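Letters A, B, C and D mark the chains as written, and numbering starts fresh at 1 in each.
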């Protein structure tokens, strides 16, 4: 998909446009023969979830180039086909069909949001093409679907990690303010479900819209609720940054604020500014790679990824790009393992993934677990002086 | 009934509670005012263009985006903030003029809905351009006078809120003086009232409309610059701004600058008071239900032009 | 050609021929999917065109009815154990009734005030769908049962191509025949002048309401079809962006032109697919194309083409 | 002063002006009479540049002006008071008059406004009211007053008496007659042909887009053809 293919790309583009103008649709045939392994991806590169899709897109392109420069997989080059769904599930669904029927990809690594992923699942299940999703919600892999996998930690795990930490600090009365986007709503539901397991009582609940610019009204209500010991904010995008700033504005910083893994990028700290100090969140090792002990098995992977990404993208690393990294390499390993580009065989190999060291954790999948991560993959971080710090277990 | 009475008396005895609810209300009120001030500025932009040219410009939100984004990127490049803001206003004005000359003026005589589609196309175009020219990240600007909240009777208000409110007030006053006290301003009103007669007294209506697009772009950009330190910005904040600004303009009564301001502030207050007292989940719904109710009662908006039929 | 564009049986025949021939030119099932999307969108656009082109009323919240249809097809089988086709019908009834009751006060408003009221209505419906997650699955949406007709499960791309095309043909046929009914003739009078229509004794308010209901039912059926075709629904279908998209289809194709609605839908569905080759310049191109086509074809694509042909004569 | 040569204009495919030739000398009052739909208003609008022409030329003070935009023609002194009044309804009477002087930058605007007030005292009385609230006759006075504020060299008056009571018609026509004393040249379109010719030097009769004939006003007044077609029986 990079420069060496540009000519073919242009010819195809012209053919496509011609076809559309003359016959309505036809003529846009497949442009490549089968000497490459085609991997597809549908990402939300633009739109409200672009902060997920953009680093995912950059990561996939960066590493496919690297893999091809090193000779490809099983002697064949990888050809990456990326479509941007703009966060629109209906568009994503059409691109899924396009990848399967027109581009005839072996497998797909993509689906930035749970909404787009869920819309695409029926297409991939029906076509029996493996689909490694980069979306957060647990419903992607629960119930387990034969061809669907995912790399990011689930929202349920994030809730558990937060509640575990709250329990260690003996907090039981918690307020929640969640985004009404897919991520926030899904994590909110999971948190409500598992709160009882940790003896947590949700004493106040507020929401905000994905495009809201002021959450002081909601936070004022939480502030006015008696006995709140901590506040949890399931949400992603710019919303949590505004929540954090409003939180400080209202002088609520005395009460601990927990964000989710949905804000796990440096840009959150930058956007929230000094208000972010003291905020805690569960996140992958990637964010604190340089602070990990050398003995940590993930250290090498995350430090290398961080350096490669930041050098190429000229922006700070986020865990979202890391999910794409994990998905791509789980797939590449599976193709190597199957020594074939047959979708069915590749699927079987993905399911056999064992001890894969990724940016998100150490992945061991099984027929009943298409995620393969446990709570240990999450680290509890606190923001201090504008940077992530690992908190001591139990504090 | 008895329960209600008990509740009522309990509230009156609980002085501390009353104080808390008062400061709570003020908090809602000031937040609503700040948010509403931005809607008001966007609505004002809608009004200015609508007045001069009868065009409802759905690319209005993109001016807000440009104001914020250009300031962010200019100041990141080392330009001092005031200068960066000035550059942003100039860029927005240039885009507004180009929008008029390249897309609106050539479509003269097309139906209102065709022109709306053109402005929607322009909005997609500008968003697409910003995504390429800048990036897809969220950005912030430093507050103009620090982040230490000011306590007003128990409500914490950011200094930037006063900038937003003051800026809105200044923009409204300037626009008022321009429209009511200058001949060119009256020419804008004349163009909106009767295009033919305006041309017959020698008003260059094309220039007036370009002026309206430029001025409207400047107002939008100012809104974007003032509010970015509070709300953050990105290449695609425009759609929501246009939606809310349009709602505010209609609520106040399309074509009336004072109505735009009243509509904007009211919409902001409806949202925060809705979130505070009704339900944060349904706050947008609450705001729109109120808009529908008001429009059913007053089909021309709160301060709408009482239609003087145009011949 | 102009007479062809004006003769409704010629239009339907031409449409049927296009529908029948197209699949033979498709290299893969993906094109069937895109074509089916065009048919479904065109179905909704034709309905909206009755409201916009014939009754002259704009709706910026029309996706709400699309969403109601889509979620009926999802909720009926999933929560109420209803068959899919019955859910489609129920959705259409709900949309029609809702349009009837909401339309009464809303259609009293004029011009841009009508636009904002319909917009507000659309936002409300979308908000309810997003929020009532127990029924709707919330912002991430929910799966939809496959359509089963007489025990025959409609799942393949071909089946959906023919089914959506059949709906489109019937929808276009009804819309075209509307002109011959008293309602259609009243629309013509209304189109010329609201005052004149009123003078000759047409109940203008009732007529607008009828157009609103018709448009709502069309959108609802289209929504149900898309939901069953995708096997999945989410609140975007009811959102503001989708409303704008539907309006753009109608205006771009040509207000009042049934063929225009199909062409408008085709352009708006196919264009983003074609523009993917431009990658990050996609939106830039899309906006540019919309502006340029509206500036140079202000009455819409189809009226413009028929005018050109007429002039060439 | 004004020379129109072979002027054509069309609405879509329907040609309304089919080669109009007409001259106005400086200081004259010239009446243009004709039945409804003959093209009077179209001609006036074409002269002001708000109606596109398809062929022909318009010379004003020896200069071709047919390609100039409307506002440039006003600047050169061709000012019109349009048919149907067309005042700026949501603006005050005074603002309407100020806008009449929009193209002027000289110092005599205020003096001219006083002169208009002197001509139509009722406007002075209502100067702070909105123009939309005036009666039809008052709006007509305002439209004429507004045109005068543009300091016209050539004043185009389109149906100044349309729909007015006889008393007001007399008042308006008297005002027009007074204008020639001030050295303003007038081209006048009137339904009320007799009254128009009374105050004019010459007259043109326009029929279906062409000038049918022209003559001294007094001659036209006594011309039997004109009498029959346009003046009615007396």
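Just so it is clear, a contact is a pair of C-beta atoms (placed from the backbone, for glycine too) under 8 Å apart; a residue touches a chain by one contact, two chains touch by 3 or more.
All values derive from a computational prediction rather than experimental measurement.
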Inset, instruction - Work out which chains are contact partners of both chain B and chain D. - result: none
Inset, instruction - For the pairs A-C and A-B, output the one whose chains share more C-beta pairs in contact. - result: A-C
Legend entry - Chain whose Cα centroid lies nearest the overall Cα centroid: B
Legend entry - Whole-Å gap between the CA centroids of chain C and chain D: 51
Legend entry - Whole-Å gap between the CA centroids of chain A and chain B: 35
Inset, instruction - State, to the nearest whole Å, the distance from the C-alpha centre of chain B to the C-alpha centre of chain C. - result: 32
Inset, instruction - Two or more other chains in contact with one residue: find those residues in chain D. - result: none
Inset, instruction - Can you tell me which residues of chain A touch two or more of the remaining chains? - result: 45-46, 180
Inset, instruction - Provide the list of chain B residues touching at least two other chains, using ranges where the numbers run on. - result: 131, 281, 284
Legend entry - Inter-chain touch pairs (all): A-B, A-C, B-C, B-D
Legend entry - Complex contact set, residues of chain B against chain D: 183, 186-187, 189-190, 193-194, 196-204, 305, 308, 310-311
Inset, instruction - Spell out the residues on chain A that touch chain C in their complex, using ranges where they run on. - result: 9, 12-13, 16-17, 20, 23-30, 45-46, 83-84, 88-91, 93-95, 97-98, 100-102, 113-115, 118-119, 121-122, 126, 137, 139, 180-182, 185-186, 189
Inset, instruction - Report the residues of chain D in contact with chain B in the complex, numbered from low to high. - result: 48-50, 69-71, 73-75, 79-82, 84-91, 95, 98-100, 102-103, 132, 143, 146-147, 149-150
Legend entry - Residue ranges of chain C in contact with chain A within the complex: 18, 22, 25-31, 33-35, 37, 130-131, 133, 138-141, 143, 155, 157, 226, 230-232, 234, 236-237, 241, 266, 270, 272-274, 276-280, 282-283
Inset, instruction - Can you check the complex and tell me which residues of chain B touch chain A? - result: 20, 24, 27-28, 31-32, 34-35, 38, 131, 135-140, 147, 149, 156, 158, 227, 230-232, 234, 236-237, 240, 272-273, 275-276, 280-281, 283-284
